[in-house]
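Got a structure for you, questions after.
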């Protein structure tokens, strides 16, 4: 008589040593395994934010890592933890991933100590993206508040890569203080080379600030909006996108043509830990990009 | 943390005790399997219980015990001056601990009762935080070595971790214990900060709240549940007062 | 499925043989509460006599055998300037004896959440594949309401399921492993009589339910009642203690933590089962809490349980075992909360339609 | 070379529990003053227990001392149980004794390997030993760990027991865990031998001063919990008569009290237990004692270290026997039901450092009216104090240097393994 229940070693199953492919989701089993990266460059932007350039070490994994504007990844810092971060680089840049990170707590603090050459890992990409194809041949308004510019860079790069396919592109960007303004070094390039109509504003000016001051909605007076032909992408703190979207709504842009990116606590990126639920929707799987209509319909979204 | 491009330094540490049972310091010598590795993280500059060497240059001062005598105040202030980070560890240091029970009686009576006509120097019990600024607190009577280990490591690796915000019931349930309320007892688990792995309730004795209140506890509802079960409110009060951790709530009530 | 009948003493022999050779868990009485009621838990057993076959329900569910409360997901080993991430899904086979239909349904729900979704969990899979489940039916407790959710019977998710038909068990065999084991014992093909007894038994069970929770249309009720004051009412009672989620057979939300090794030569990434009732469930860096009030969090738990989440199979995940209700110190239970919600709705419909006084 | 003047002033002696000072003055080659002063801050436990329900008392009194919390807890429990005439189920008695063994083993291991041995090999602490004598440190750690494992299994954790309660114990260890613990204890037997061999290489100072030794004595086993009070000078008293055994008095220079019996001072602790009860030791322990030439009545306080080692042998073997008994025990009745009742009694236990008394008086509601507690170190204080003068004098004759005298004196005090933090009063 044999009554020993035979063990099944799932380590021997083929998926157990496959390179995880986060796109080809159904066969994905290495759910906790990341792609190892080297931090190739660190660009200090402000006191609170740095731009990290990462390169995936393994060529196969590098080939697998393709994303769409608006998606995010889980950044693993061994020994410290894992955080969701929006991908802030161009979708056509297959060699490097850029992340713009604010020092906010446990994991992000230690990233600020990390040096060039450090090894971290990324899982992803995860989540929904901005429907860039849908916006083609139309006007696009990008509105960013504070760190909200980080997830906006990917769609902006996309537009720049396909500039001829988009009509007027306005970019409105506001921060609390001038010192918090990110990527100022790229402004000229965006304006002059990419023909982006850039408007900036700060809530509180300093003596050497000679731009506009006030709330970001003030910038709308400077642009003409053709509600029939315009899409909007809005990123920033909830209060800000609420005001902005309400304004655009009044201008006549339908809610399903405005897109926002939500932020919630996250531990997996895969719809398992349930920390990022908004009502009964996963920010990590169904989001982070939602059209404003969905957001209005999500309980407890704003 | 070589892989992130920086390396950790040995932590210069001092451990100091005031009025207490020294049980928390003793915990540092427990967990024998990881003890050599743990000691290797540290540069022990001052630790009377285990070493004869004494120096005053330490980054972290671990302070155990509560303050009950004039000379302790001076000693504590000096420690604060020398230390970059001061960690109060143990319930006595964080909340006063069982020592505070003596505050229930007038000082003169207490001294007379125990020492007769001999005079002794003693003050009403104070927490470390009442006398100097405390950077971090690790509560527990005694502290759990795993938690101390984790916090020391997090200091060494440059990332301060937080204590759990949830109450003991979470860990108690994870140990598959029978809830002591079902056995007719009053347990402080629902309002006490977790992190001890529910040792007391796992040993089938009630939690007396040595780790202090969890974040955002529902004290009203807790009182209600004790009353609903017709359990003794006097007993509840004795338990709440045992480690002096629920002072603010007890006062709110009366 | 193959059906057989096995006499109870023979069944115990079978269990004995199984238990002797495998790490096995079954219901055991651990305490008696103040009302004189026994309290059971799934505990390790080493012979059939250890098992309380006539138990009612266990205090905690069996989910932790498949999804431990704390689990190492991976380990990082540091080597000068670099690290390696190691992931293994090693588990020892275990035998679970005496699971109730609702317990097995709960495992089926976890399967659909953790295995059939977009991102299957290998950790869960390894445990699931290495668990041999023997189910058993039972008469409901007065507060069980699994019938309302249609989980009082179960047709899959077990290796063996036993229905008590007096002197014997009517067993449904759902795996070749189980079939092979049973070959060594004296089992009969069910007779007509046995079939009748089984039907009687099922009827009896069905009729014995004393608690009914009306769940029809609940998802839409929940959606409409998002701002209902009842959430504050029950929320004010909630202790935020997470007990309900810990004992629940389907709650699976979790927290993640990296724990460095003491020698700083590595670290492990750990998962800890969490509860949406805990204060910092939706708290983010900087201290903003998306669900700051007790009521917000309690409501969310009901949303998850009765609305179900799209990504996670889009079905209510509550199986109606009422473990949460029994364990809750603040006396919050699904029946009362849902009824309250319905009453709220129904009473206001009464207002609108100005129904005549019942005199 | 004759010493003319010397002033030794050790404030807050290191590598001991609690706070104590040594003060020695030598003028023109003569010893003028040698004092041992305990300067622990007062905590007033006797006051704290007042009015507390007896159930809670053991949890409070265990906080008297972090090292011997199990002893304090059991002393309180015993005194309250005797006061209220509670009979404890035999299974619980076994678990409690096993718990005591755990505490004694971890305490002795801690003292021997971490606090005492550094003196003998001339290092300020145990850390250099981790490098220079890794094997013996590992052995020490394993012994201590084994002691802790016993405490954890029998009482719920290492320090401040959770499952020792009035009437018995609140939770029994699982059989499987007991079997595991047994294996673990078997595994540390070679560590005991390693410790013995290492100790055999140490040179124990040659010093004797005749004194009286006080311990428990029950006439049938090596005593840990309860029994008669006895001394090497032939005194024999009932447990409740503890005050006649301690005769506490106060000296100016110290906050702690002193105690005496037939002579000016007496000693308690491992050596006292050995001197009074050696016949009840496990054969292996007896063998070890003779290997060190330890025969009763031994008057060298430094031999207390060796007596501790001898006790470790006894404890490990006895614990294995106890575990076997517990594995055979159905472990069904663990806690007697009891109702409060007025009464007063003493509970005496042998804490690692010597005999410990708790005396409790309760009212008919089970609330404490009055509590008293006399700890071993209080009893040893006078003896340490007198030993210090004698040792200093002998050292002067042997023409030792100041530093050597100071070190010898510190070693002497540490040999007693004083647990001054047991500041109860």
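A, B, C and D label the chains in the order they appear, each numbered from 1.
To be clear about the criterion, a residue touches a chain if its C-beta (ideal position, glycine included) is under 8 Å from a C-beta of that chain, and two chains touch if they have at least 3 such contacts.
Small disclaimer: the values here were computed from a predicted structure and weren't measured.
S.K.: Per-chain C-alpha centres versus the global one: which chain is nearest?
M.R.: B
S.K.: From the C-alpha centre of chain A to that of chain D, how far is it in Å?
M.R.: 64
S.K.: Rounded to a whole Å, what is the gap between the Cα centroids of chain B and chain D?
M.R.: Chain B and chain D have C-alpha centres separated by 26 Å.
S.K.: How many angstrom lie between the CA centroids of chain C and chain D, rounded to a whole number?
M.R.: So the centre of chain C lies 50 Å away from the centre of chain D.
S.K.: How many angstrom lie between the centres of chain A and chain C, each centre taken as the mean Cα position?
M.R.: 37
S.K.: For chain B, write out the residues touching at least two other chains, lowest number first.
M.R.: Those would be 1, 3, 157.
S.K.: When you check chain A against every other chain, which residues touch at least two of them?
M.R.: 77-80, 106, 117, 119
S.K.: Going by the contact rule already set, what residues in chain C reach two or more other chains?
M.R.: Only 78, 81-83, 260 qualify.
S.K.: Each pair of chains that touch: what are they?
M.R.: Applying the touch criterion to every chain pair yields A-B, A-C, B-C, B-D.
S.K.: Where on chain A does chain C make contact in their complex?
M.R.: By the definition above, chain A touches chain C via 1, 3-11, 15-16, 25-26, 28-34, 36, 77-82, 104-106, 108, 117, 119, 121, 263-265, 267-268, 270-275, 277, 279-282, 285-286, 299-300.
S.K.: For a test of understanding, state which residues of chain C touch chain A in their complex under the given definition.
M.R.: It comes out as residues 17-18, 20-22, 73-74, 76, 78, 81-83, 85, 87-95, 113-114, 117-122, 125-126, 129-130, 132, 177, 181, 184, 223, 226, 252-258, 260, 266-267, 269, 274, 276, 281-286, 290-291, 296, 300, 303-304, 307-312.
S.K.: Contact residues on chain A for chain B in the complex?
M.R.: It comes out as residues 39, 77-80, 106-107, 109-110, 113-120.
S.K.: Note which residues of chain B are touching chain C in the complex, please.
M.R.: 1-3, 8, 34, 37-38, 40-41, 149-150, 153-154, 156-157, 165-167, 169-170, 173-174, 176, 178-179, 181-184, 189-191, 214-218, 220-222, 224-225, 228
S.K.: For a test of understanding, state which residues of chain C touch chain B in their complex under the given definition.
M.R.: 30-31, 33-34, 39, 41, 59-60, 64, 69-70, 78, 80-83, 236-243, 246-247, 259-264, 273, 275, 278-280, 294, 327, 329-331
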